[in-house]
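Chain IDs A, B, C and D follow the sequence of writing; residue 1 opens each chain.
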Amino acid sequence: MTLTTETPLREPAVLETEWRPRIVAFLCNWCSYTGADLAGISRIQWDPAVSIVRIMCSGRMDPTFVVKAFRMGADGVIVSGCHPGDCHYQEGNYKTLRRVHLLKRLIAGFGIDPGRLRLVWVSASEGDQWAATANEMAAEIRSLGPLRMES
Amino acid sequence: MTTLANPMAGPTAPGVLPKSERDLRAAFLKEIERIPGGGRLNQCIQCGTCTASCPVSYAMDITPRQVIAMFRAGAIEELLRSRTIWICASCYHCTLRCPAQIQITDLIYALKRIAIEEGIFPKKFPVHVMSETFTNNVKRYGRNYEVGLLLRYFLRTHPTKLFAYRKVGLALWRHGRIRIRPSKIDNLEQLRKIIAKAETFDLPQETVPKAKVTAAVGYESIGR
Amino acid sequence: MDKRYTYYPGCSLHATGIAYDKSMRAIFTKLGSELVELDDWNCCGATAYMSVQKTVAFAVTARNLALAEKTGDDVVAPCSACYYALKHTSEGLADNPELRSQVDSALAAGGLKTQLTVAVRHPLEVLLTDIGIDRLVAAQTHSLAEFRPACYYGCQIVRPFGAVDEDPELPMSMERLFSALGARPIDYPPKVRCCGGMLVATFPEVADELGKDLVDWAIDGEANCIVTVCPLCQSNLDLMNVNESSNGRSHRIPVLYFTQLIGLAIGCTPDEVGMQHGLVPMSANAPPLPNNEAPLTITGARES
Amino acid sequence: MGTNEEPRIGVYVCHCGFNISATVDVEAVRDIAATRPNVVAARDYQFMCSNAGQDLIKKDIEENGVNRVVVAACSPLMHEPTFRTAAEEADLNPYLVQIANIREQCAWVHSDRAAATTKAASLVNGAVSRVALHEPLDPTHADMNPATLVVGAGIAGIQAALTISEAGNDVYLVERKSTIGGMMAKFDKTFPTLDCAACILTPKMVSADRRENLHLMTMAEVESVEGFVGNFKVKVRNKARFVTDACTSCGECLNVCPVNVPDPFNEYVSTRHAIHKAFPQAIPSTFVIEKQGSPPCMEACPIHQNAAGYVALIADGRFAEAAKLIRRRNPLPFVCGRVCYHPCESACSRGKVDDPVAIRGLKRLAMDWEREHEPDPQPDPPEHDHAEKVAVIGSGPAGLTCAFDLAQEGYKVTVFEKHDKLGGMLAVGLPDYRCPPEIVERDLDYIRKTGVEMKTGVELGVDFRLADLLGDKPGFGFSAVFMGLGAHRGLQLRVPGEDAEGVVLGIDYLREINLGRAQPTGKRVAVIGGGNTALDVARTARRQGAEVAILYRRTADEMPADIEEVEGAIAEGVMFDYLVSPLEVVVADGEVTGLRCVDNELGKPDESGRARPVAIEGSEHVRQFDMIIPSVSQRPFRTWYKSSVPEKGEIGFTKWDTLVVEPESLQTGVPGIFGGGDVVLGPASIVEAMGQGRRAAEAIDKYLQGQPLENFTTHVAPPDPVRGFVKRPYEHGPTYDQIEKMPRARLEARDPAARLADYDTVDIGLTEEQGIREASRCLHCGVCVECESCQNVCPPDAVRLDMKDEIVELEVGQILVSTGFKSFDPTRMTPYGYGRYDNVVTSVEFERMMNSTGPTGGQILCKNGKPPRSVAIVHCVGSRDENYNRYCSRVCCMAALKFAHLVKDRTDAELYEFYIDMRAFGKGYEEFYLRVLDEGANVIRGKVVEVQPARGHNGDGHLVVRAEDTLIGRYREIPVDMVVLMGAIEPQPDAAQVGRTFSLSRSPDGFFLERHPKLDPVGTTTDGVYLAGCSQGPKDIPDTVAQAQAAAANILAMISKGEVIIEPVRATVQEHLCGGCKTCLNLCPYTAISFDEKGNHAVINQALCKGCGTCVAACPAAAITGAGFTDDQILAELDGILAPIGGRAI
């Protein structure tokens, strides 16, 4: 069952044939990432189109990450942090709030539907909340279709 | 109190319910799909809140709690043959209190609809005729008409019982509370069109054979 | 002067519940609110319809909502069953898009359409919130001091919607109202227990049992009348006065509508509120209130 | 491992049994990973976290030169430390390991195998791309402060604190109640062994008290926590206990405290005093006084009179003490008992039930009692003796209060009064029937006993000048002056004809009559105005035999006069004419013959908020009067003022002729000269003037002692005094509408005809019986009424009623949160009738009932004092119920069985247990269940839905419970005498707040969230903060103690280690890139960023930085890097995740 570069490859089990929406989600380590883990522990199903990138605080979310994510092929981006007042780092999420606000206008300027960027607050106990967010976003992106960036 | 448990009820082979029971189950599940929160049925912990909150459970042969248990056991037909669902006065006390937030009253409505569609009733038990008479009244006049409703109901079910109501009727008559002629709505045509269209959405009506209804007479067996 | 309401009397208020109809009209007029009967209303379908066909039940009721939207006023439905059916339809259609589209197409067959914009309300709630206890007290002309009502709410105005009272298990709004008007409501634990009115024809024994229990509670609690909010409850309990006693005790007690008692307090005559339709005459009187005590101020004689 | 080394990445995909492999094609993920650049090994394994799994990694590192590791497995929050340690053991820097979370965030939440596999492969791609850019990091270390904070001193907190302190560490045990012991202290027996709770708990409480390094902090709450594991800084509020450690627990105070409130320790079933000890074995044993702020009556009073105190003493029949208490703060108690406008009554909480307590009448009663029983009351001698002399000008309420306070402070005070009678407005402004001279004299007499010298007939500006006072002429030489000149100049109407004979200003009219001078009164008198002065004038004129009409320009509703005065006037035949304004005094032959008036209607409100009277056109008319007494308002005289005090400053006046003073100190423009009362306020009330006199006395004391004129402690009544509490007078007592109404005592008035014949008082005071009854209407809404009785009797003088909360700062390394639970409030479930039916009780009430220190002394009794014939115990009240709490409360079944045993043991009652499912899961529990069954308990499987009284004459007051007996499928009604509701264990109501304070997450049920439900049930996501007991979830005592011990073990382990590892996730500034824009400076919540002006770049203090990365994201020059989360690493992860998954093309 081990494989190294020297052994011949099997045919991959999965091959991409049609468009699958790709959504990346930046989740803060303390509330939202733990909340998403809780959804897992509770087996609350959510859409596999969403993949999570862990950051320590939603305040770490550099606006360029979002722009670059779209450029790299993401169809949607979620940013999720602790509820206002609950930030592990006191007030990082307020900074995020302001940044996402500006970002939405910015990406609209690029011709990207601002609905492709979503900011939510998910606490460590809100696994169902996270699952709902992921599902709603996936549904939204499916209805918007693939993102075609103007170069 | 009749005995509940038919030892032969439920699965006949591992994981297999009899066909009739399967069909009833499917019909029931389809019905509860249309009830908001109908799926909460699965959350029943059999605590008996419904039975104990029910003002008429003492007169039932199967308690409301057992309704859910019998559905689970695959004994819906037996359930439909009980008086229980027809005694329900739809007072919603069980629904209000259920700790699992199950819409019990609405489930019982669903069972009544299935019973009428499938023509499965308790023996000598014509209560569903009341509902049917009521709806016919509405189709005919657009409004309900108490005297006509009762007359028709008793004539179709238990004519001799009418005699017992003479005293009541007289008292109400004396106090000006009986209306002899039905009141009709003006635009009956419109209402009938609405009903006709709406009927197409309800489950296919296998009308209850007339014979089945008229043959069933009498309901003296109710007691504590 | 005040708000206008669309009045949905329902079938009973034109027959056994005639006193309810009379007293509704009398007190709303007295209080300066207008009740306009919904033109060409049809039966709400009550709960019987729900047992037979679900979509039809909703469609039949929805016709009334569609008709009511012509004026857009709140619909006031005094009968608990009508109140429930109208409200259940209004909320059920709003929550269930599939059902809504089916009902919409049924209504369309009759050339109607509903936006579900009118509110469905019970007169008890209208009197308590739109008019308010303070105004009722201000309008009071007759004393209710002799009345010891057992306030009976029954089922469908408190359940399942609970829009009429804060606590569906222990509503107190009628008690508060009638205490404010000087009556002395009794403590009446079974006030939300079903009267079995639905079962009068189909299971008379059961209905009788439940009705008797309610009457016995009232009599044992030393009430001199039962006050109801629903024509079905009123009839069922009133009929206890006719039937022979089966447990060797008297079940005679007047059964009123809450609107009748309000009417008496604000100066309607007993006839105006339909007291003559009750099977047992009400022995307590509502004498006129004595004038208020002389005002505190004395105005100096004016000379010019 | 160098950073310039070519990355050689090993990828390890975990099956996690079937947890991952059931949904994700693990082999496919492995195969795809193997195609990624730099991946030299890709393997999958059943359990990567096992030793064998870890060995795979180690082996690859050691033998295959793997220098970067990706593990695709469960959440990094779960096993990241495991794999990092494995790497470390193989000599690889642990930060070169990256986890791809393919379990919690993939396999467990997706069901489509293809989609889940694709996603898992993407996540691994991301991790591979990212880890290639990882750099070795070195964690930093910090010292572990061995001191530990334990929050909540129930059995969990006590146990943990004992264990940790036993090991020699300092422990701060913070408890918000007055005693430690928590819920367990209320219990009688414990299941299943039936140990006595007190017998096993109190020894632990005592050890906690005795242990030197265990610092008990009761009545304390944590306000804030800063810092992180190893070095937390904690602020604790030590709430005032009002009793010092000197308390010997002798209990003398219990005999004198007049207040009884429901006792929270006994679940409000019995009562206790305001000063109390929770229970006999309470630790610490120091008593405590319960205060809910100050009583509103006291707050509303400008002189902070302890109204609630003397009311409570009167209710107790202790009139002498009441009078003494009144005198402590009030130099004019006789006057105030009759004519105070009683703001206390307006604020009285009793007004929310029916009418306010007649506080003024009670004060009068207490003082009249003193006059009868104590002919010569003596003030306490002053504690100090000051040589300074103070002059007080004016002997009104302001001046007298100032003089009294200063004399009590030990100063030599002289009062100068221009009239021949002392008392200011009391003597010349108030008619004798309201304020009899002998009453004023009695107050003056007492003030004289304090040593105040009083001079009459000496007038400022005539007999002496202001400058004289401060000069050293004989008889003068004062160090400070208080000016309480009053406002004795009446205002005119400003209408034509006002100077005619027969027009007399109201204030002048009263003064002349009061001083016994010749003042003629007409036959038909018009009094203009609506204030108390107008009423006084009118009633005085009636006594002079005139017919009197009061003309007021608004209506009765707007009239400012006291309602008692208006009622009295009406009874005495004064006529009232509202909505009338005078236009002209009609004069014939120099004499008044009438008044031309105009009618008004009410218009829009003016600045004072009252409707403005608007004249009705054409309504002018003349009324016939022979005397007009305008009584609209007064102002101070300014005629005394000739010049300023040389070289000291200027005395200023407002446009209303009042003195300009500093609002806090009441000092005028001249240092050492102060002013107060009407001369500052304009015409105000007696007690407001007294308040100012008191404040001025404090200011003068400060001035003379050379202290700055600030930080005043004398009371200032809030402009809008609170009217009691919102819904209920006592935090845990009945609501206002539940309190039985009781009519307010009315002071009997003499017959109006008799009143008009003399100037004797109108009202007859209360009798002692009436007074006691009236005083008992007080709701004790502040709990402690500040009657000072306990202070007076305390042998060690331990009572300090003015004790204040204080904030203590602690430094600790670790924190244990064991804040316990709240028992479900069954009033939420109306059908159970809790609160409506006497014998429906909660489980905690039942515990207290069975406890020998409880309200029934351990007997199971119904409210009527009889033992129950039958008891129903209802399980699952508020638990296992979507409408309340979804979860199972876990302990109730066993507690209910314990109750069943005790009921069977102590009574002959029949017992019914109504359960849904019997949960007897612990050691010895099932055996206990069987034992209880054996003892004859009836167990019925079915939830009780309703408890009702038995109907009418059938019942003897017993109750009926309704349930389905589900095992026989039958509805049952069972008659019982008592119902015990086994309420759910719920999170504390302030759990959200506490959670925020300690950075704790909560699970959906509201309890604090442990780090891992199985593997770390005591840790939390915040390092260094632990959980124990029911704050984490419902549990019984054995589990609570076990969890507390586990937490203590964790804490001790960390202490032994002596240092904490601080994750190297920190931001650093690359100085050469920093542009010096300072954007980052304000962003850092920890103020870790400073600016090096010299080098023109930002600097991050590594000890303060916590690595949130906010500054990294914000730096416009990208000069700040966040170790472990660099831009490049995050972008590489993104790139990897978003790359297409497919064939070999990659």
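Side notes on the structure shown:
Note that a contact is a pair of C-beta atoms (placed from the backbone, for glycine too) under 8 Å apart; a residue touches a chain by one contact, two chains touch by 3 or more.
As the structure is a computational prediction, the values presented were derived from the model and not from experiment.
Taking B-D and A-D together, the pair of chains sharing more C-beta contacts is A-D.
With every chain reduced to the mean of its CA atoms, the largest distance from subunit A is reached by C.
Averaging C-alpha coordinates per chain places the centre of subunit B 57 Å away from that of subunit D. For this pair, subunit A with subunit B, the centres built from the Cα atoms lie 51 Å apart. Chain centres here are Cα averages; for subunit A and subunit D they lie 43 Å apart. Multi-chain contact residues of subunit A (touching two or more other chains): none found. Looking at subunit C, one finds that residues 169 touch two or more other chains. The residues of subunit D that reach two or more other chains are 831, listed in rising order. Of all residues in subunit D, those touching subunit B in their complex are 831, 876, 880-883, 916-917, 941-946, 962-966, 969-972. Residues of subunit D touching subunit C in their complex: 549, 551, 556, 566-567, 570, 575-578, 621-624, 830-831, 948-949, 951-954.
By the touch criterion stated above, subunit D contacts subunit A in their complex at residues 25, 27-28, 30-32, 34-35, 39-45, 64, 75-77, 101, 103-106, 108-112, 114-119, 121-123, 126, 996, 999, 1001-1004, 1009, 1013, 1021-1022, 1065, 1083, 1085, 1106-1110, 1112-1114, 1122, 1125, 1127, 1130-1131, 1133-1135, 1137-1144. Contacts from subunit A toward subunit D in the complex involve residues 1-5, 9-16, 20, 22, 24, 30-31, 33-34, 36-37, 39-41, 43-46, 48, 51-57, 59-65, 68-69, 72-74, 85-86, 88-92, 95, 99, 123-128, 131. Of all the residues in subunit C, the ones that touch subunit D in their complex are 167, 169-170, 189-190, 216-217, 219-221, 296-304.
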